[in-house]
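Both complexes below contain chain A, partnered by chain B and then by chain C.
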Partner chain A sequence: MLEQILIQTINGIVAGMILALVASGLTLIFGIMDVVNFAHGELFMLGAYVGVITLAATGSFWLALLVASLVIAALGAAIHVTALRPLLGRDPLNTILATFGISLVLQNYALWQFGPVARKIQEPFTGHFNLFYLEYPWYRLVIAALSAAIIGALWLFLKYGTYGVWIRATTQDRVMAQAMGIPVPQVLTVVFAIGAGMAAASGVLFGPLVGVNHAMGLDWVLKAFIVVVVGGMGNLGGSIAAAILISLIESYASLWVSPAQAIIASFVVLILTLLIRPTGLFVPTPK
Partner chain B sequence: MSARRTIVYWTGFSVILALLIVAPFALPEFWRRFLTEILIWGLLAMSSDILIGYTGMVSFGHSAFFGLGMYGAAAALLTTRPPSLGLAILYGLVAAAAVAAFVAYFSTRLRDIYFAITTLIFSQIFYVIIFTWTDLTGGENGLTFSRPALGIPGLFSVPFTTQTLYWFVLAIVTASYLVLRRVTQSPFGMVLQSIRENETRTRAIGYPVERYKIVAVMLSGLFAGLAGVLYAVQNRFAAPDFVFFLVSGEVVIYNVMGGIGTLVGPILGAGVFLLLREAFSRFFTEFYLIPLGVIFVAMVIFMPQGLLGFMRRWLNR
Partner chain C sequence: MSASDHATEPLVRVEDIHTYYGKSHILNGVSLEVRRGEVVGLLGRNGVGKSTTLKAIMGLVHPSRGSVLLEGKPIGHLPAHRLARLGIGYVPEDRRIFRLLTVMENLRTGLDRRGVTDTRKKELLERAFAYFPVLAERRNQAGGTLSGGEQQMLAIARAMMLEPKIILLDEPTEGLMPRMVSQIRAIIDVLHREGVAILLVEQNVPLTLAASERVYIMEKGMVRHHAPAAALRADDAVIHQYLGV
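This part shows the complex of A and B:
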C-alpha cells in the first residue's frame, strides 16, 4: 500500500507539472489580457498533431517539440490579431465567446484533417528504472523536469527580458504602459503567442503518454480552468501549486475509484475553494 | 410601452403565433420534427437569456439543467406504468430545480468570467456522474423509453403524433415565453436588470443581490429543465452527451446569434443556427461546425447585439 502511494505521488507530480505548463499559459493570457482562452485545449491538441507530423518527417522528437511550439505560437499570434484584437476594450465575456467559437473551428478542423483515429508519438528514449515492483519509464521524469524548465524560463523571461518587463508593465496598467511608449497591442499578441506555444509544447511532451486525437484538448482545458480558479486567476505561482495539488489528489483518488471518477475529486477541491476562498487558494488574502 | 407599441407588439405576436400554429399543415414530416426541435432548443436558449441578457451572468452550465430535466423525465417514464406525461414533467422539473439550487448556491458567489467557468465546471461534474454511474443512468448508452400519451389522468388520453407533439411543444414554449416576459417586466426582473447594469449600486440601494441571483439561476434552470423534458419526450431517449458542456456552449451561441436580452432573439438564434447546420452539413457533412464557428466568431466581433438587435437598429434608422 505504501509503495502504491509513493508511485501515485510520483505520477501525480509528473501529471501536475504538465498541467502546470498548460495552466501557466492560460493564466498568463488571463492575467495579462483579461482573455479567458477557451481555445487553449485546442492549441494543446494541435501542438501534439504538429509534433506527430514533424516527428514523422524528421524523426527527431526534440525538433518536433521546437517546431510544434513555434508553429502554434504563430497560429496563436494570428488568432489574436484577427479575432481578439478587435475585442480589446470590450467586456471580457466577449473573449470567452470568441475563443469558444475558435475552439469549435479548430477541433473540427483537426477531426477533418487528421481523422478520428488516435495517433501515437514515440517517446525519445525508452529507458526504465526499477521502482518497487514497477519498471518506471525515465521519460516521465524527464517530462516533469522539462515542464519545470520551461516554466522557469518563462519566469526568468518575465523578470529580466525586455519584453518580459513590458508584459508586466502592461499587466499593471495598460494605459500608463501605452503612454510610456510600450507597444501594448503587440505585447498582447506576444503574450498570446507565448501561451499558445507553451500549450503546444505540453501537447508534444504529453503525446507519448496517451494517444493524440482531436478531442484530447477538452479534458485538459477543463482541468486547466480548475487549476487557474483554484490557484487564483493570473497568478503563475498559484497555478503551479494548484496544478500539483490537484494532480496529486486525483492520483490518490484513483487508488480507490476509476480514473474517470477521480476527476470528481478535483471538482470537490474546486467547490471547497469557492466556499472558503473564492479568490483562489494560493493568493494573499485580498484587502 | 406606449399604446401604439403595445398594439404593434401584440399584433406581431399573434401573427407569428398563428403562422406557427398552421405551419404543420404546410410542412412535410421532416420539417415538422425540425420545427419542434427548434422550439425546444429555443426554450432552452430563452431560459438562459434570463441570466445572460437580463442579469448579465453568462452561464456555461445550462446543459446540466437541460440534462437533468431529461433524466428526470426518463426516471418517471421508466418507473411508472403506463408512462405519464404529467409525472415526467414533474420529475424533470424537480430534478432540474434541485440541481439549479445546488449550482446557484455556489456559483452566484462569483461574477463575470468566474461565474461562467464555475457553471461550466458544475455541468461537467454532473456529466461525469451521469457518465460513470452506469447502473442508474445507462452510462454512455443513455436510456431509452417509450413516449407517454398526451392526456389528463381520468379525463382523456391520446397518443402523440408528430403534429400534436408539435402543438404541445408550441403551447408550452409560448406559455413559457409569456411567463418569462412577465417576469422580466416585473419588479423582480427590474432588479435583475439593475444588477446587470450596476451590481454595486443595486447592493447599495439595499437589494439582497445574492438572493436575487440565486432565484434567477433557479428560475432559468427550471425552464431549461422543462426544455429537457420536452426533448426527452420528443426523442424518447436521454444521453450523457446532452449534459456535456458543448451543449451549453451552443446555447450561448444561440443567444449571441439571435440577440441577448430579448427572449425572442434566442429562439430566432436557435432557428438560424439549426437551419445553417442543416444547410452546411449537406456540404461539409459532420464538419459543419467549421463554417458555423467562423460565422459565430465574426458575429461576436461585428454584430455583438445579434440578429434581432441588428434588425431593430436597421428598422429604427
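This part shows the complex of A and C:
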C-alpha cells in the first residue's frame, strides 16, 4: 500500500506539473488581460499537431517542441490582434464569446485537416527505472522537470525582464502603465502569445502520453480552469500549487476508484473552494 | 514651421476642447496654453473639469471636439503611451503608483525606453534619488508599503524618468502633512529650474499662486479667468468669486 501511495504521489506531481504549465498560460492571460480564454485547449491541441508534423519532418522531438511553441505563439499573437484587441474595454462577455468561437473554429479545422484518428508523438527516449514493482518511464520525470523549467523561466522573465516589469505594471493599472509610455496593446499581444506558446509546449510534451486528436484540449482545459479558479484567478504561484494539489488528490483517489471517477475529486475541491474561499485557496486574504 | 514659429509656439496648446462622460458634458470648450519651462496653475472647485483637462492632454480622454497640440502638432488622436514618449509626464490625483512593484521597478516603467543608454539611466536615477533620498532607501520595497507622502514622491520621480518636457501634476499635496507639502513645493521649484514645464492642478490656492507664473480658473467645464499669479496674489477678489475662499 505504501508503495502504491508513493507511486501515485510521483504520478500526481508529474501530472500536476503539466497541468500547471497549461494553467499558468491561462492564468497569465486572465490575470493580465481579464480575458477568459476558452480557446486555450485548442492552442494546446494545435501545438501537439504542429509537434506531430515537425517530428515527422525532422525526426527531432526537441525541435518539434520549439517549433510548436513558436508557431502557436505567433498564431496566438495573430488571434489577439485580429479578434481580441478590437474588443478591448468592452464587456468581458464579448471576449468570452470571441474565444469560444475561436475554439470551435480551431477544433473543427483540426478535425477537417487531420481527421478523427489520433496521432502519436514518439517520446524522445524510452528508458525506464525500477520503482518498486513498476518500470517507471524516465520521460515522465523529464516532462515534469521541463514544465517546471518553463514555468521558472516565465517567472524570471516576469520578475526581471523589461517586458516582465511592463506586464506586471499593466496588470496592476493599465491606464497608468500607458501614461508611463508602456505600449499596452502590444504588451497584451505578447502576453497572449506567451500563454499560447506555453499551451503548445504542454501539448507536445504531453502528446506521447495521451495521443493527439482534435478534442484532446477539452479535458485539459477543463482541469486547467478548475486549477485557475482554485488557485485564485490570475495568480501564477497559486495556479501551480493548485495544479499539484488537484493532481495529487486525483492520483490518490484513483487508488480506490477508476481514473474517470477520480476527476470527481477535482470538482469537489472546486465546489468547496467556491463555497469557502471564492477568491482562491492560495491568495492572501485581501486587506 | 520656421525656427521663429518654433520658439514662440507654446509647448502645449489646448483649443476649445469638449468632452462627454455618457451624456454629461464635462468639458465645455476649454482653451489654455503652457509655454516651455513655465509653471501654470489650474484652479477651480471640485468637479469643474480640471482633472479631465489633464487627462485630455495626456490622451487618456479623447475630446469629441477641439484640439490638443504639443509643440504645434496635433496630438489629440494619439494613444497615451505615445504621448508619454513624446515628453508628457503625468502624476495623477490618486498617485496610482504600481503598488505591487518595488520602488525601483516603478521607476523602471519610465526608464526602460528605447534610446536611453545605461549611463543616462544611472544619471536619471541618481538625480531622482538626490531629490528624494527616501526612495533610494526604499528602492526594493513594494510601492504599496510607502506612506502617502512617499508615494507622491515616487509618482513624481516616476514621471521624471521619462525626461518630460511637461509634467501634469494633479493635486500633488492632497492629504499630505505640512512638511510634505513644503517638500512638494520645493520639488516644483527644482523641476522649474531644470526647465520642465508644469501644469499644476491644486486645491491649495496659496501654494498654486506662489509656485505658478500664470493661473487659469475653471468653472463648469470652462476657463473663466486667466491672470498672472502675481496679479491674483495682489488682488484676491477673483479667487473669492470663483473659489469662495
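In the analysis below, the second predicted complex is superposed on the first by the 287 of 287 C-alpha atoms of A that agree within 3 Å, B and C clash if a C-alpha of one lies under 4 Å from a C-alpha of the other, contacts with A are read in each partner's own complex, and residues count from 1 in each chain.
Just so it is clear, a residue touches a chain if its C-beta (ideal position, glycine included) is under 8 Å from a C-beta of that chain, and two chains touch if they have at least 3 such contacts.
Computed from a prediction, not measured in an experiment: that's the story for all the values here.
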Superposition on chain A - do chain B and chain C clash or fit: fit
Partner chain in contact with A:264 - chain B first, chain C second, else both or neither: first
Partner chain(s) touched by A:36 [first = chain B, second = chain C, both, neither]: first
Angle, in degrees and to the nearest 10, that opens at chain A between the C-alpha centres of chain B and chain C: 90
Which superposed partner A:112 touches (first chain B, second chain C, both, neither): first
Partner chain in contact with A:100 - chain B first, chain C second, else both or neither: first
Which of chain B and chain C A:177 touches, first, second, both or neither: second
Which superposed partner A:3 touches (first chain B, second chain C, both, neither): neither
Chain B or chain C, by number of chain A residues touched: B
Distance of closest approach, chain C and chain B, by C-alpha atoms in Å: 15
Common interface residues of chain A - those touching chain B in one complex and chain C in the other: none
Complex contact set, residues of chain A against chain B: 30, 36, 83, 86-87, 90, 92-94, 96-98, 100-102, 104-105, 107-109, 111-112, 222, 225-226, 229, 233, 258, 260-261, 263-264, 267, 270-271, 274-275, 278
Chain A-touching residues of chain B, taken from the complex the two chains share: 58, 60, 106-107, 109-110, 112-114, 116-118, 120-121, 124-125, 128-129, 131-132, 245-246, 249, 252-253, 256, 286-287, 289-290, 292-294, 296-297, 300-301, 304
In the complex, chain C residues that touch chain A: 58-60, 79-81, 84-85, 90, 92, 96, 98-101, 105-106, 108-110, 112-113, 158, 162
Chain C partner contacts - residues on chain A that touch it in the complex: 162, 165-166, 168-169, 172-173, 175-185
